[in-house]
Every structure is written in structure tokens, then in C-alpha cells.
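Read from first to last, the chains carry the letters A, B, C, D, E and F; within each, the first residue is number 1.
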Amino acid sequence: MNRVPDSELVFVPGGTLITPDANAGRALAFTLARHAVHNIQPDLDVLVAGRPTYSTSPDSLIAATQVVATEFATIAAANNYWR
Amino acid sequence: MNRVPDSELVFVPGGTLITPDANAGRALAFTLARHAVHNIQPDLDVLVAGRPTYSTSPDSLIAATQVVATEFATIAAANNYWR
Amino acid sequence: MNRVPDSELVFVPGGTLITPDANAGRALAFTLARHAVHNIQPDLDVLVAGRPTYSTSPDSLIAATQVVATEFATIAAANNYWR
Amino acid sequence: MNRVPDSELVFVPGGTLITPDANAGRALAFTLARHAVHNIQPDLDVLVAGRPTYSTSPDSLIAATQVVATEFATIAAANNYWR
Amino acid sequence: MNRVPDSELVFVPGGTLITPDANAGRALAFTLARHAVHNIQPDLDVLVAGRPTYSTSPDSLIAATQVVATEFATIAAANNYWR
Amino acid sequence: MNRVPDSELVFVPGGTLITPDANAGRALAFTLARHAVHNIQPDLDVLVAGRPTYSTSPDSLIAATQVVATEFATIAAANNYWR
């Protein structure tokens, strides 16, 4: 298997949900979602093969952003919404 | 690739979840959702090609509004619901 | 394009999430969801054409009520649940 | 149109999210979900026609219980979880 | 109709969301989800007929666990997370 | 039936949602989700048979990460976000 790099399998890079600002929090939401996929499917060839399918399907893109929105809700709460 | 403008890739435009009122908060929810799609799929041609599909499919439209509702929940909490 | 009326595009009609009671809050949840669809797809002809599809499909109806439930959660919290 | 009774269209029967106990709260969650469907599709004949489809489809049943779970989360919070 | 036993139709068995520990809370989440299905479809023969379909479909299993996760979120909050 | 090991059926391994850090909390989210599947479908042969299907389908992977995100939200709240 052509395994994704170990760095892509870290659950929470940096080990914390606390970020300096909302943009960094949003970036972390994307990272959490991506690493979650990688932990379920660590075979890079399978991931690359699936990319043309989901990245050109509006419904898949919408579903992916739903995951990001859910992760972001947690991160934003963790940071008291960077108020 | 015909890449979406850089401004469309900013995670949180303005860098904050705080908005003056509920309407602005709702607008931000749409923006967060749209920029999330753009970050996953930054190829404008692919996005434009997908538009006729999802924008005329009731199920896709419903799924898109689910994302907006989720983003809005976070933004509304961040703003103490503009009470 | 046969555009939906401007009033249907207002993100948060009345500009506030605060409502006098739970029934009004629930009505607002429906409005937020409907206006969200209209902002993504403002062409009335397309919307009218899609109505027979989703309004007779149980799965589409269930998905639509999921959106309403999510919007309502936010509105109910905003109003301290009208306790 | 064979319209559902008016009582089925009331958004929040009783006008409150407060219930005496968890069972009544759960019943209200089902009612909110059902009335939401009725408000989007008030034609009883269409609803009755769809029943054999969704009520025998495991995926539809799961999706319907997802809506109930979401409504219940709001109602439970409104009642401080009946602690 | 071969109806499920009455005990399977109780919305909240025990009448409370409060449980002694996280394991019991998780068990209650499964029960709430299962009883929700039974209240929508109380015909045991239909339920049994659907079991081979959803229990061997990864997507159905994932959707079912999404419902459990949502119910569990409510129950965990009700119990102050058994801290 | 080739049943999954008993350890895979424990609802909340360790019996608590409290974890030392965010990485451990994220690992628990994956475990809760996986054990939820196992409790609904404890036949290892069925699970193994479904793996090639869902683990190579982008939409299934996205749906699985949605469940993880939802479980993680609960666990993160339980731990006060490891602030």
C-alpha cells in the first residue's frame, strides 16, 4: 500500500483546538476532516483515485463542507468564538 | 486550471465571526460555505460546470441549505444571537 | 430570468432571531430555510419546476425538515427557549 | 386538494417547548417533525401515497429518526433535560 | 399487523435521560434511536424484512450511527458528561 | 456468525468521555463510531465484506467522517475543549 505520510494521520495536529484566530480555526477544521478521512482510508492511491469523483460532484462537495462546518462548530466553541 | 480568485479562498473573510447584525451573520454563513467549497475545489471551470446540476436539483439545494444552517448556528452563537 | 421577489431574498426577515413565542420562532425557521434556497437559486421557474419532485418525495421532505430542525435549534437558543 | 386537518399544521402544538417530562418532550419532537412535513406538503393524498415508500425503506426511516433526534436536542435543552 | 411489543414503543424507557455512567448513556442513545424507528414503523414484519438491507449496507450503517451520535450528544449534555 | 470480539462492542471503552488531551479525545470519537457500527452489525464477515465498498467510496468516507465529527463535538465539550 502507498500509505499517506504519517503527518496526515495525526488526529489533531498541534495537539490543541486552540488557535490564534478564526482563520486558523477554520484551517484546523479542514485538517481535522481530511485527517479523519486518511485515518479511515490511509491508502494514498485509493484517495487519489477518488478525488476526480468527489471533487467534481456538487453533492459530494456539499457533503464535505457539511463535515467542515461541524468540525468548525467545535473549534469555534473551544476558542470562545475568538471574541 | 482556471482558478477561483484568491478572495474566494479566504476561510473567514474579515477574520472574525462577529457581525453587526443577524443579516450580516447570515451572509457570512453563506460565504463560509461557499469558500469551503472553493477550497476543496478551486477550479472555476469545474464549479461552473456543476452549477446547472446542483442548482436545479431540489435535493442538492436542500443539502446546501443544511450546510448554511450549520454554519449559521456557529456564527449566531458567536454573536450571542445579536440579542 | 423570472426572479423571486426581493422580499424572498432577505436573509433574516425583520433582522432579528428574537420572536414573541415558539410558534413565531418555528415560522422563522421555515422562512430562513426557504430564503436560503432562494438565495442559492433565485430563478422562480426553476424553483416551481422542482416543487413536484421534492414535495412528493418522502426522502426530500425528510431532508427539508432536517434543515428546519437545525435552523429552529438556533432560533430557540436565541430566545432562551421562550421559557 | 385533500388538505391535512388544520391541527396538523400548527407549528408548535401548545405553543411551548416546555413539557412535564422526557417522554412528553420526545412526543413533542415527533410532532414537530411531522407538522414540519405537513407544512411543506399539506396534501394528505400525497402524504398517504408516500407512506408505503418511506415506511418500508430502512434508509428513509433512519433519516426520519435523525430529524427527531435533532428536534429532541432542542426540546431537551429547553427543559434543562428534565433534571 | 405483527406489532412490535409495547415496550419497544416507549419513547424514553425509564422516563429520564439521566444515567449512572457513560456506558448506560450510550445504551440509552441506541434505545432512543431504535424506539424512534419503531414508533414510525411498528410493523415487526416490515422491520425484520428491512434488516438484511440496512445491516449489510455500509452507508445505512453509517447513517444509523449518525443518529446514535446525535442522541448521545443530548444524553451526554443532560448528564453533564458524567464528569 | 463470526462475531466481532467483545472488546469491540463496549459502548464507551474506559467508561468515560474524559481524555488527557485532544488527540486522545479524537481517538475516542473514532472508537465510539466504530463500536456503534459493531453493535448494530456484530458479524465480522459482513463488516469485512463491506469494507471495500465504503472505504473506496468518497461519499461513504465523507459520511463516516461526519459521524466522527459529531461524536468529537460531544467529547470535546465533555473535556471543556482541553483548554
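Rule of thumb we're sticking to: contacts are C-beta pairs under 8 Å (C-beta built on N, C-alpha and C of every residue); 3 or more make two chains touch, one makes a residue touch a chain.
Just so it is clear, the model here is predicted, and its values are computed rather than measured.
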*What is the touch distance from subunit B to subunit F, in steps?*
2
*Expressed in steps between touching chains, what is the minimal separation of subunit B and subunit D?*
2
*Any chance you could name the chains that touch subunit A and subunit F both?*
none
_I'd like the angle of the rotation relating subunit C and subunit E after CA superposition, in degrees, nearest 5._
120
_Suppose you list every residue number at the subunit D-subunit E interface; are over half of them used by both chains (same) or under half (different)?_
different
*Cα centroid separation between subunit A and subunit B, in whole Å?*
17
_Inter-centroid spacing, subunit C versus subunit A (mean Cα positions, whole Å)_ = 29
_Length of the line joining the C-alpha centres of subunit A and subunit D, rounded to whole Å_ = 33
*Multi-chain contact residues (two or more partners), subunit C*: 59, 63-64, 66, 70, 73, 77
*asked:* So with touch defined the way it is at the top, what topology do the chains form here? Options are line, ring, star, complete, other.
replied: ring
*Could you give me the chain order round the ring, subunit A to subunit F and onward?*
A, F, E, D, C, B
_With touch defined as at the start, can you tell me which subunit B residues reach subunit C in the complex?_
21-23, 25-27, 30, 55-59, 61-66, 68-70, 72-73, 76-77, 81-83
_subunit F to subunit E touching residues, read off their complex_ = 10-12, 15-18, 32-33, 36-37, 39-41, 46, 49-51, 53-54, 59-60, 63-64, 66-67, 70-71, 73-74, 77-78
